[in-house]
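Okay, so chain A shows up in both of these, paired with chain B first and chain C after.
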Partner chain A sequence: MADTAVVEKKQGLTFGKKERKLLTDPLSENNPITVQVLGICSALAVTTGMKNALVMAIAVVFVCIFANVITSSIRKMIPKSVRMIVQLIIIATLVTVVELVLKAYAFESYKQLSVFIGLIITNCIVMGRLEAFAMANRPYESALDGLGNGIGYGIILLIVAFVREFFGKGEIFGAKILGATPDYWLNTSESSIMGWYQPNNLMVLFPSAMFVIAVIIWAHRAWKPQLVDVS
Partner chain B sequence: MGELVNIFIKSAFIENLALSYFLGMCSYLAVSKTVKTAVGLGLAVIFVLAITMPINWVINVWLLGENGIFQTDLTFLRFILFIAVIASMVQLVEMVVEKYSPSLYNSLGIFLPLITVNCAILGGSLFMVSKEYNFSESVAFGIGGGFGWFLAIVAIAAIREKIKYSAVPPALRGLGMAFLLTGLMGMAFMGLMGIDPAAF
Partner chain C sequence: MHNTSQTLRFVLIMTSIVAMLLALLQNGLKSKHDYNEALYSKKATLAAVANQLDIDFSSISSEQVTEIFEKQIKQSVINDEGVVIPKEDLEKDGVKNGKAENLDLVKQDKEPIDERLLPVYEFTKSDGNKYYIVYTRGKGLWDAIWGNIALESDLNTIAGVSFDHKAETPGLGAEIKDNKAWVKQFIGKKLYEPNGEFVGLEVRKGGAKDPMHDVDAISGATITGDGVEEMINTDIVAYDAYFDKLRK
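On to the complex of A and B.
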């Protein structure tokens, strides 16, 4: 966050309380996944490993910021009746850029993420922020809003991915930590302290993502009771 | 024909779009509070998937493919064209339904615009490309995938209607519970992986 503040100052734009709120609100009080319930679609399937989750998070941050800035800078020229299509085309173009970049520089991740890169287009976070924020605000604030929401999404993604990868496979970012073979950092079959440890294979399967997010939501709402669903 | 039934069964039950790929989760969670609205959205999804899938197949093969009209590989335009097709088809379907069947329009009406950003629609088209289906297979995949999504949303809506009467911890009420239920349903659907589609 400190980096952002420096960059903004160079452009001669203020970074005060209001701007900070734009950045920090989506991290907790207004988190896109746990509170706004946006962008779950493309998120859960990529959380089996932290590396994929990180790539996905960076891609979404990128698309969020630039879609917000572009839409915000042409917001006065977009006719209201076709705004959805205009927004979708902007997002689709940015996602195509992301796809081609990944294909060129991170082919391994590109193959593993497969269709889920394309699904950033219909990631409701991007679309939702365009509708709710960028259509009514200046490009600078929109960029901050995009950054904040992208990071808020990325954090949840990384938490879920950490739980699933560590407890499911005993790895973090592909580095072998806990396991029963000698190439793991802590060999559970020999070490007497960790001998009881068994990886939980359920974590690798898809329903576990749902459970992990449900627990995150539960904890988040127990911590901040004002978010509790009244209905 | 057997091959098509095979794809239908597979896409509806074994590789359920909502429960094993998490597609369309946003509207799945938002519109599953009552069975009635869930049925409306589910039907609209089947409808739009069955229409957009063949159109996107034609675009992908005849327009963007190497042996298409332009004789060049234009697949990098895939995302833009697919989403444009989906957005315009949804608009078109909305207009046609409004004109010829006002009663259906009234029940589907508000859900149709939502479908444009339903990942299940775009995801279906992208899966169709990555699985290299031919034309009739993509139609079967569209209908099957839509049917599976319909089943999932109606089932969760029914469960959520009942769970209202249970004493759920306050912090878990609503969204958190919906996630847990979806996870459990996902596990139940994993039991269907044992089905051999070739038996049909």
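On to the complex of A and C.
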């Protein structure tokens, strides 16, 4: 696997080739979901609708960046023997902050996501980046790495959510696109675009996220053969 | 490197900083949280009479919810004998301002029926018609489900319902809240036979048969559907005495 290399010590906050690589690598070549196969649990849970996936993606980007920056800035103080627990505290704190802020300013989303927001704590991507990157790099590079990984995760989340919501409910962001009108329960004759389409309930259920992610991983590796693990 | 006491000190300092930060944030946002919670349940109450409002419910604003609650809704708290509990008694019991909207409904649901305090919202439509919104709470598949049932002034015909749930499966049990067409089915159903006998509703698999009392079940959500049926049929009985008094 092409893991992000440890960035050499440099002075100043330049944005050169290495920094760009930090940002773009996790989007494709080193994507947390399709290549590192991390964060699958939450990718199953929140991808029934695109709206939830988007809020989740934003929350993970936020947590990723700040957890990386905080860990990185106190990395020299953290005693080695408790470093995992310290990382966990940082993540848990940030997730609680996200939860409290959502509850105050985006109550509807909070209601829909409440359990899954808490689950960011157990999202291996965040912890993985702290352990693999932030513990060894400066805050600036760590921020870029967090941003890249958060977005890389978010993109896959949105793709999966799109497939599941579109075929499972015939909707995108809650707007009816495919299948009979919202009255279908009572009135099956009236229909919108492609009214014959019967929403596939399997896509709403959790197993479908597995299929969809697997297909994405397959397609990704077919497109970039160097990612195939030959061992 | 680090010895044990240094490690301990680091952890202690770190956890206290974190604890302080979170406590501050929690306290700072508390009033906003409470406001949101209250507004959310008010909106759920209004959702039961969504069709009777003068404005489009799907785009209702927080201010409009508060305004309708102030102007068009008379809220009271009753017991299962149909007696309206005076505000002073409620305040003594810890209900803020003695208002039904401040009742702890989760706690009330655990009380036996004859000790339960029940909220009633009397909604007056702009044309003068009255609707009574009552509250029910029960069990779905995973956790609690609850609903607001609006009755027309005959206290028999359902004018609208709104359900909510704590943890039903999205796409299956959660459809009781999300599927507007399913919720629409309840409108016009009757709770009582013409002779006054309570029959309640049935959530029937394989399609509604009795046009007065049956609602079509959601496929894949049998237990949640049964929960809705059970919740309505058991909890509305508690309001019976109150309805009787109103009818007279």
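To be clear about the criterion, the second predicted complex is superposed on the first by the 203 of 231 C-alpha atoms of A that agree within 3 Å, B and C clash if a C-alpha of one lies under 4 Å from a C-alpha of the other, contacts with A are read in each partner's own complex, and residues count from 1 in each chain.
Just so it is clear, a contact is a pair of C-beta atoms (placed from the backbone, for glycine too) under 8 Å apart; a residue touches a chain by one contact, two chains touch by 3 or more.
Because the structure is a prediction, the values reported are computed rather than measured.
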item: Contacts of A:Pro26 with chain B and chain C, given as first, second, both or neither; value: neither
item: Touched partner set for A:Phe107, first chain B, second chain C, both or neither; value: second
item: Which superposed partner A:Lys80 touches (first chain B, second chain C, both, neither); value: second
item: Chain B versus chain C as contact partner of A:Val115, first or second or both or neither; value: both
item: Contacts of A:Asn201 with chain B and chain C, given as first, second, both or neither; value: second
item: Partner chain in contact with A:Gly170 - chain B first, chain C second, else both or neither; value: neither
item: First (chain B), second (chain C), both or neither touched by A:Gly146; value: neither
item: Touching partner for A:Thr96 - first (chain B), second (chain C), both, neither; value: both
item: Most chain A residues touched (candidates chain B, chain C); value: B
item: Interface residues of chain A shared between complexes with chain B and chain C; value: 85, 89, 93, 96, 100, 115, 205
item: Residue numbers on chain A that touch chain C, as the complex places them; value: 48-49, 77-82, 85-86, 89, 93, 96-97, 100-101, 103-105, 107, 111, 115, 168-169, 182-186, 201, 204-205
item: Interface residues, chain B side, partner chain A - complex; value: 19-26, 29-30, 33, 76-80, 82-84, 87-88, 113, 116-123, 126-127, 130, 169-177, 179-180, 182-184, 186-187, 190
item: Complex contact set, residues of chain C against chain A; value: 1-2, 6-7, 10-11, 14-15, 18, 21-22, 25-26, 29, 32-33, 36, 39-40, 167, 170-172, 179-182, 184-185, 216, 220
item: Chain B-touching residues of chain A, taken from the complex the two chains share; value: 34, 37-45, 84-85, 88-89, 91-93, 95-96, 99-100, 114-115, 118-119, 121-124, 127, 205-211, 213-214, 217-219, 221-222, 225, 228-229, 231
